[in-house]
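See structure below.
Going in written order, the chains are labelled A, B, C, D and E, and every chain counts its residues from 1.
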């Protein structure tokens, strides 16, 4: 046995023995009921926010301001990353290898399924678990899958460029901010929900601003991570030429 | 039995966090530091969710279906929504910050030709001294 | 309840093993794959703790986007740590 | 209705209690191959099998907790489990992922 | 009556799938080389994941006491279909990469694929 395996066995035995000693000596009780604050949120979410989903209600209504500022942090981090690795050269790749035709066909089916499920998760976020964050990350995975299987150049040929993605992202963030600020014109506080937005539209429950927030957050997260994927997949030769040309 | 698994949960999460802190501090490769950093943040997210979990048989997510008499059932058997809501944004923000760090690591490799933290600093210092 | 407790124990041990090998591995591509295994075992913990929102977000971010990001970083830098 | 479901002793728990140890034993054996595997394809193959195994497992837990809201995570896990395969293969073949 | 039949058929599929999964994992652990292990991995993926997922959807159809049991049944069936597409594709891509990059050491008597590609 190598030293790593012996270290792992020592670690496992140590962990189990520490847990056993603590359990025998102190005999702690596992928690059996939710704390009072959690019970408040569970009991009042349908009345306060008119959303059956307590988590989305907390994310976008009870603590909505918090989430909007975190979205700004997300925007800053992605813009900072893209600013570090920017290039002035136009990217065009001559060789396109891609993967085998079996992988291409399968990926076409899977990408369609991922896009469908991402939209379903994002637009149903106020009724079932899900929302803008998981849906947006799921949609970004389609771009992440297309890049190695069909190559970066095929995406660029289809018109999916990083400048356009960043534009979509900026528009989505602006819309998110507008949804947050719009109640001010009627003299209400920013990020108010049910006093300004209707809870039902055409007989369907949209839980006020929750549906809008989920939609715009979905677009913002998806386009941001897709832009990161496109920047990461630019071959290293482009940057090497840029550094050489600059000197 | 529940108590033992609860203690084991806490001990294993603590050991995971210690292992990843070892990776962040003592490993010299910047990519290994990045991997350890994500493992640390994931461990912290799981331990936050553990705060809101209750050790009962049917535990359900805090979502209403529309069945009669459901509110008492959810109050009795639902998990705590507050830690879940706090972690939900944190995961995505964590990925964005890690992407920023990844771009930084790639840029360091382009400038110095290495991802070893100490050697990269040495290369940069030598370049400054030559000028 | 007993099924939940068994699942917790096995998933915790799996996560500990994967994290130990991810931290001590010299080949960074192997470390990235072990990190993906750790993500899967944490995802089953989160799902069993009745947090499907978090499990979905975590699966999308950590199993999907994060492993792709790591392979990108490794392909643009070097594969072995000395 | 829910209270009636809770109080009756159902055969579902019995089936799951027989079935789950098999899957967990398989998961442990897969992870042994994952940590022992000499080359990268071996490790990725073992992690893939572990993920397929756990996709079954997540569905079984949704059935065990008797809630319809926990069915989306196994679908998502199954959808992009093979992303790591594609990235690692592309890296092994061409060293550069985007071309 | 039909519910009982569905429930017990699904349970049988679930437990048989567990046995197949265990067999596949033993094969993955015991077989000597990567290309042989692909065979065991296929057993673990198709018989050990697709079959029990169909079993779970049958169990959910056969137990009407669970709220939203049709959702569980449909989602499990969709997961089974997705795995049926994804698992062979992942193995194919991995085997292709292993053969192209020669990162797996093996001593075949004859390598037809390499001979074909050299032509």
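Keep this in mind: a residue touches a chain if its C-beta (ideal position, glycine included) is under 8 Å from a C-beta of that chain, and two chains touch if they have at least 3 such contacts.
Model, not experiment: these values are computed from the prediction.
What's the overlap between the neighbours of chain B and those of chain D?
Touches both chain B and chain D: A, C, E.
Can you list every chain that touches chain D and also touches chain E?
A, B
Please list the single chain whose C-alpha centre lies closest to the global protein C-alpha centre.
Ranked by how close its C-alpha centre lies to the overall one, first comes C.
Looking at every pair of chains, which two share the most C-beta contact pairs?
D-E
If I average the CA coordinates per chain, which chain comes out farthest from chain C?
Farthest by centroid: E.
Chain B to chain C: how many Å between their CA centres?
Between these chains, centre-to-centre, one finds 10 Å.
Approximately how many whole Å separate the CA-defined centres of chain A and chain C?
18
What's the distance between the Cα centroids of chain B and chain E, rounded to whole Å?
30
Nearest whole angstrom, what separates the Cα centre of chain C from the Cα centre of chain E?
So the centroids are 21 Å from each other.
When you check chain B against every other chain, which residues touch at least two of them?
Residues 2, 5, 8, 12, 15, 52-53, 55-56, 59-61, 63, 65, 67, 78-79, 84, 88, 91-92, 95, 99, 102, 106 of chain B each touch two or more of the other chains.
What positions in chain D touch 2 or more of the other chains?
Those would be 1-2, 20, 27, 40, 44, 65-70, 72, 75-76, 79-83, 86-90, 96-97.
Two or more other chains in contact with one residue: find those residues in chain E.
Within chain E, residues 67-68, 82, 86, 89, 93, 96 contact more than one other chain.
So, with touch as defined above, which chain pairs make the list?
Contact pairs between chains: A-B, A-C, A-D, A-E, B-C, B-D, B-E, C-D, D-E.
Under the stated contact criterion, what part of chain E meets chain D in this complex?
Contacts found on chain E: 7, 11, 14-15, 17-19, 21-22, 24-26, 28-29, 34, 37-38, 41, 44-45, 48-49, 52-53, 56, 59-60, 63, 65-69, 71-72, 75-76, 78-79, 82-83, 86-87, 89-91, 93-98, 100-101, 103-105.
Touching residues of chain C toward chain D in the complex: what are they?
Contacts found on chain C: 2-4, 6-7, 10, 14, 17-18, 21, 27, 29-30, 33-34, 36-37, 40, 43-44, 47-48, 50, 52, 55-56, 59-60, 63-64, 67-68, 71-72, 74-75.
Across the complex, what residues on chain E touch chain A?
82, 85-86, 89, 92-93, 96
Considering the complex alone, what residue numbers of chain B touch chain E?
Listed in rising order, the residues of chain B that touch chain E are 65, 67.
Which of the residues in chain D end up touching chain B in this complex?
Going by the criterion above, the answer is residues 1-3, 6, 65-70.
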